[in-house]
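Right, I'll just put the structure down here and ask away after.
Chains here go by letter, A, B, C and D, matching the order in which they are written, and residues are numbered from 1 within each.
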Amino acid sequence: MKRIYVDEKWCLGCHLCEYNCAFANSGKDNMAKALKNVKINPRIQIEEKDGISFAVSCRHCEEPLCVKGCITGALSVVDGVIQIDREKCVGCYTCVLSCPYGAIMPSDDGVVQKCELCLKNSHGKPACVEGCPNRAIIYEEKE
Amino acid sequence: MAIDFLYPEYEVVRDKDKCIGCRVCERQCSNEVHSYDEDLDCMVSENANCVCCHRCVALCPTRALKIVKTNHTFKENANWKGEHISEIYRQAGTGGVLLSSMGNPKDYPIYWDKMLINASQVTNPSIDPLREPMETRVFLGSKPEKVEFNSKGEIKNNLTPQLKLDIPIMFSAMSYGSISYNAHESLARAAEELGTYYNTGEGGLHKDFYKYGSHTIVQVASGRFGVHKDYLNAGAAIEIKMGQGAKPGIGGHLPGIKVGDDISKTRMIPEGSDAISPAPHHDIYSIEDLRQLVYSLKEASDYKKPVIVKIAAVHNVAAIASGIARGGADIIAIDGYRGGTGAAPTRIRDNVGIPIELALASVDQRLREEGIRNKVSIVVGGSIRSSADIVKAIALGADAVYIGTSALLALGCHLCRSCQQGKCNWGIATQREDLVRRLNPDIGYKRLVNLLTAWNHEIKEIMGGMGINSIESLRGNRLMLRGIGLTEKELLILGIKHAGE
Amino acid sequence: MSKYVIIGNSAGAIGCVEGIRSIDNDGEITLIASEPHHTYSRPLISYLLYGKTDEQRMKYRSDSFYKDNKVRKMLGKTVVSIDNNAKKVVLSDGKEVSYEKLMVATGSVPFVPPMDGLDKVKKRFSFMTLDDAHKLEKAITPQSKVLIVGAGLIGLKCAEGINDKVESITVVDLADRILPSILDNEGSVVVRKHIESKGIKFYLGNSVKTFDKGKATLVSGAEIDFDILVLAVGVRPCVSLIKDIGGKVNRGIITDEKCRTSLENIYAAGDCTESYDVSSNKNKVMALLPNAYMQGETAGINMAGGNAVYDNAIPMNAIGFFGLHIITAGTYEGDSYVSTGNGNYKKLFYKSNRLKGYIMIGDVKRAGIYTSLIKKRTPLSSIDFDLIKEKPQLMAFSKKVRKEFLAK
Amino acid sequence: MLKEGDIRIPSGCAISGMISTSGKKINGSKIVRSIATMHDRSNGLGGGFAGYGIYPQYKDLYAFHVFYDSNKSREECERFLDRHFDIINLSKIPVKPNQTITAEPLIWRYFVNPLPTKLTDSQLDEKEFVTRSVININSNIDGAYVFSCGKNMGVFKAVGFPEDVGDYFRLDEYEGYAWTAHGRYPTNTPGWWGGAHPFAMLDYSIVHNGEISSYDANRRDIEMYGYKCTLQTDTEVITYIIDYLLRKQKLSLEDAANVIAAPFWSTIESMPKKERDKLNYLRNAFPGLLITGPFSIILGFEGGLMALNDRLKLRSMVIGEKDDMVYMASEECAIRVIEPELDKLWSPKGGEPVIATLQPKAIANL
């Protein structure tokens, strides 16, 4: 299955992925409109320190602890993609407790949010990957 | 001092309606042009630092940025232009030589743009490269004067070593030091995939790149940096650098600050020391000395590698080339005055040397007149900007071309001509780790491959239009060119007729 | 074709179905449960009262779950005994169902200690099941004064669920702090203050001495007027089916890392079991939904002939009260590191080069990174512990490990 | 208008050739009939013939055919010839004036041998001496043009349709074992006798149909080896290339064809190693002599003919065989008109040389 892979060797710490993510999931058609005066809460987040940086987003694990631990059944695996049903989620954060990558996080409206590979938004394919200027984030099939 | 104040040449224009304050521009600008002002709660710019490299413009996700040339002006004067005045202020302030990089940007004639290419109509057919074979393979090297036969009457292979190019384009010498590791890796991998060659320049060959040796030309320059026996035998050919189009007559200077661990090892000089290539080779003060070096290198490489001698296009280039051809070189590379550099004194870059088009035409003609054109191959460089330039160069008489600037452009260079500062925002002309990282060779090499593949397609199209299906038949085929807007003298030197003739 | 019988219909049972079906698509699965409902998530009953979910959305799996997984369901039926020699279970109505592999996921029931005068209290509820929630919801009015005995997870979630719908809530607990099983003193105070700010009163280190009509008298002498009593003192694992036929039982049913009981062909999962806590190196009842699911799934795979182990269970909790989030995991032993500020509270426990447990209140972002350190028993010397103490981050791992995490 | 030599002139054409491999004499009228069939492929601006074995009585002498603009040119040329050659015989070439052939130059024929002293002094081999002398006359003596200089062969050419040219030169009075013919369709020449084909150098003669795109590359390359392309025609440069490859580099006819119409690299790569190595060598060693663009040529030489197409076969060319006769022509009709019943008729592939030579017995009888 196609997954997102992050190679910190090429990450520039430019944070474009975060903005592209926030825009793709904003439901708006123009980035300036979507993000002007907005503190973004993207589903992919950069860690950086001492010249090293890398983006972290859901790894879509094959044995997803978040899905197995979800108390409501809001998280599920659909064709290898871990998706969240925002209607079912009650914001208990058991998934936050479970995710070893810290890649699932509270959204601005109480329930949790996570990378769904932009399959559910109008972008249709991972916006972070498309917008990465240095191929530090790639979306591909390995092995 | 107030007198030294120069109004910034470029201004950053930020569309406040579009700026979302993501600060990508700030993070990406090594010149520290952009910053976030907390009091104003917006991004601000320090225009004086801007070199107009467009990194910020290219990465701004909302397209909120553009760079404009300032309309601030000195009092208009057709003679004393703003640049003259500013440069005098700078030199009066510092007492220093002005430095620049990349090729001569001045408004001299560009002869490529004054030549037009022929095409077939009616009397002979054009050839469709999509339907018929169209060959752009070239072998560089000395051709035998006489076919020899063995006792059975079969032809003996008496060819000296040749360089096989699947496309008539090579990457010209750019040292590791002047450009980054990732730029070198991109060039090496592209050369391998394209079936052509890249050139180490005078910086030696990094140990990681020996594996691309069969697609590498190793250079021996006046500083002899990184030259040893394994190095000479690592490549497919050896190039003696006598001169460079951007700075004929002078050497090179890599500041110690760029000589980090890797470069120090590759160049075989102490870390942090300046790498200074002398103006001449101190063992070559005349043509017979060059001949000795050519044969020393051939000895060292067991006569298995062709030797290239690279010279800058200067006034007497035809006679020099003739001497080199007779001096045992297999290939002569000529670098025109538009050729790029990582750093050169501005005055030299802008005022020394001659156009490659004229140099090529006179060298090719001279060697033919002496009957020695086939003893050597001719490779030209110094601002080959498109496939059309290549077709014209080959029709004038070149066997192949070297591209440097075009290759760097493919890698992202925006010709801001600030290489000498070592802060290249595109990760090319820099050794700063955070900046080098910006050039991912996976992307870079592919872009080079794309560019040359595209150019090769275009060359084939143009050749097909002329009814030529192999590049040998284009070489020196000056009837395929016509001049436009050229004087009799220029036409004579170029050896072409005027359009309409 | 194999025959599987599953007793129970909550996370352990559902995990078991999914575990079996990941290996065996054809075996016959029979699922027997006392409750008549479609599988639902027990922890959501407070959210139901709170209005954050509804009966449809709180279904733990979709309406077509049983059909999709070819499960024969026998809901509203109670298993009264197991005959492991004959490989069959006996229902309360005398019917028998035979099995080849049996899953016992019977859960737990509320534990009610003897209390003086309890029988005089008419409106007395526990808060474990959907039916409990419905009964309580029917009973409460805006004028209700509710007394909750027990300041643990169940009692407090109940309090949160009904707080807006009643006049007052008082919570009494014998312990001197709320949520004693998951919080330390300081953390407990932070949470208690937050809950108190919503109007809920606490009597801690205290207990009901006697119940009278509409009034409870505490050991301390305090008197509390109430009309509705919720008992949330504790739970007791349902172990009798196994105990009755000689299976090993401690507080819960003893299971191994393959989620087998001591009896051949019988597996157990969920709140009725005891399993090994890798953070404390002890067997424990870890009544947590994620644990139940993992045990059920592990058992299911093994029942179907696969090979799975579940050997990294730890106690852990993610819970929130009135918008204040709490995540805790592991065991609170060894040295500790505390950080507070901005209304947040964080405490890490570490010992012998391992992270043992943690408490995060307020800012709980990326807590899973800590959880993973505990579960995987990652040597702290292999990571930048000072960095990760500040906040959970992958930067604290080595470049190689980061590559494993993100690039493979 | 500029004539040949002042400007490069492209042209379309008809060509024909025939040889009796047993050395039987073929009357010149036969080749005239053949080329006449392809009348529409010429436009009256040039026609010509080459006959081999036509001067058996002078077979050891170089036969110079020369056009003169005036007697002055003739005298100057003859002085030159006197100084360098032993002239055994000289005469006007007999012609039959004819209304369609106009602007006739003086046409003379000389049977000569190099003066031994001059030859020794020059330190050249005999053929090279003759070649240089001819180039010297053609470049330096105004109004004189040697258009044929081989042994036991001769070129006859003029401005006009080829059948009229044949009639004019009274070719029915000549007999030879091989003939080639050419009908010209140039697009911008005023029509100059010297510019007509065949073009010849020593015993090599070329008739050619096509317009090569590699012309200037070939010209500038071959001029390095002592040739001077004064006419700026394809035929001239092809003749020099063939002369260079055969005579100076000693390549076989096949290998000369491998240079001129080299196989594509992709074809070479699929060949057995020995062949591949040789072809790689030839393309590598003579890149400037590869000829691209359309051509079909018939090369005449002492003892044979070779037909060759460009490597894409952009021009027509058919070969016919009947008993000891081999025919080569742009069109089948030019063969059928003289030999309706053929044993074999085929169209050679691009770049595939067809070589027909005298049988050994016939060579001995020459």
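Keep this in mind: contacts are C-beta pairs under 8 Å (C-beta built on N, C-alpha and C of every residue); 3 or more make two chains touch, one makes a residue touch a chain.
For clarity, every value in this text was computed on a predicted model and none was experimentally measured.
Engineer: Report the most central chain, judged by the distance from each chain's C-alpha mean to the global C-alpha mean.
Structural biologist: B
Engineer: Which chain has its C-alpha centre farthest away from the C-alpha centre of chain B?
Structural biologist: Measuring from the centre of chain B, the most distant chain centre belongs to C.
Engineer: Would you mind pulling out the distance in Å between where the CA atoms of chain C average out and where those of chain D do?
Structural biologist: From the centre of chain C to the centre of chain D is 104 Å.
Engineer: Can you compute the centre-to-centre distance for chain A and chain C, using the mean CA position of each chain? Integer Å is fine.
Structural biologist: 29
Engineer: Between chain B and chain C, what is the separation of their C-alpha centroids in Å?
Structural biologist: Going by mean C-alpha positions, chain B sits 70 Å from chain C.
Engineer: Give, as an integer number of Å, the spacing between the C-alpha centres of chain D and chain A.
Structural biologist: 79
Engineer: Building nodes from the protein chains and edges from chain pairs that touch, which of line, ring, star, complete or other describes the result?
Structural biologist: line
Engineer: Each pair of chains that touch: what are they?
Structural biologist: So, checking each combination of chains, I get A-B, A-C, B-D as the touching pairs.
Engineer: Where on chain B does chain A make contact in their complex?
Structural biologist: Touch residues, chain B against chain A: 17-20, 22-24, 27-28, 58-59, 61-62, 64, 433-434, 437-438, 440, 442-443.
Engineer: Can you tell me which positions in chain C touch chain A when the two form their complex?
Structural biologist: Contacts found on chain C: 11, 15, 41, 43-44, 47, 52-53, 57-62, 289-290, 293-294, 297, 316-320, 325, 327, 329, 364-369, 371-372, 387, 392-395, 399, 402-403, 405-408.
Engineer: Within their complex, state which residues of chain B touch chain D.
Structural biologist: 120, 123-125, 127, 132-133, 135, 137, 139, 143-144, 146-147, 149, 154-155, 157, 159, 162, 368, 371, 373-374, 397, 466-470, 472-480
Engineer: Considering the complex alone, what residue numbers of chain A touch chain B?
Structural biologist: So the residues of chain A in touch with chain B come to 9-16, 19-20, 23, 31-32, 35-38, 51, 131, 133-136.
Engineer: Would you mind writing out the residues of chain D in touch with chain B in their complex?
Structural biologist: Within the complex, chain D contacts chain B at residues 8, 10-12, 187, 210-218, 220-221, 223-225, 249-251, 255, 262, 264-266, 277-278, 281-288, 290-294, 311-312, 314.
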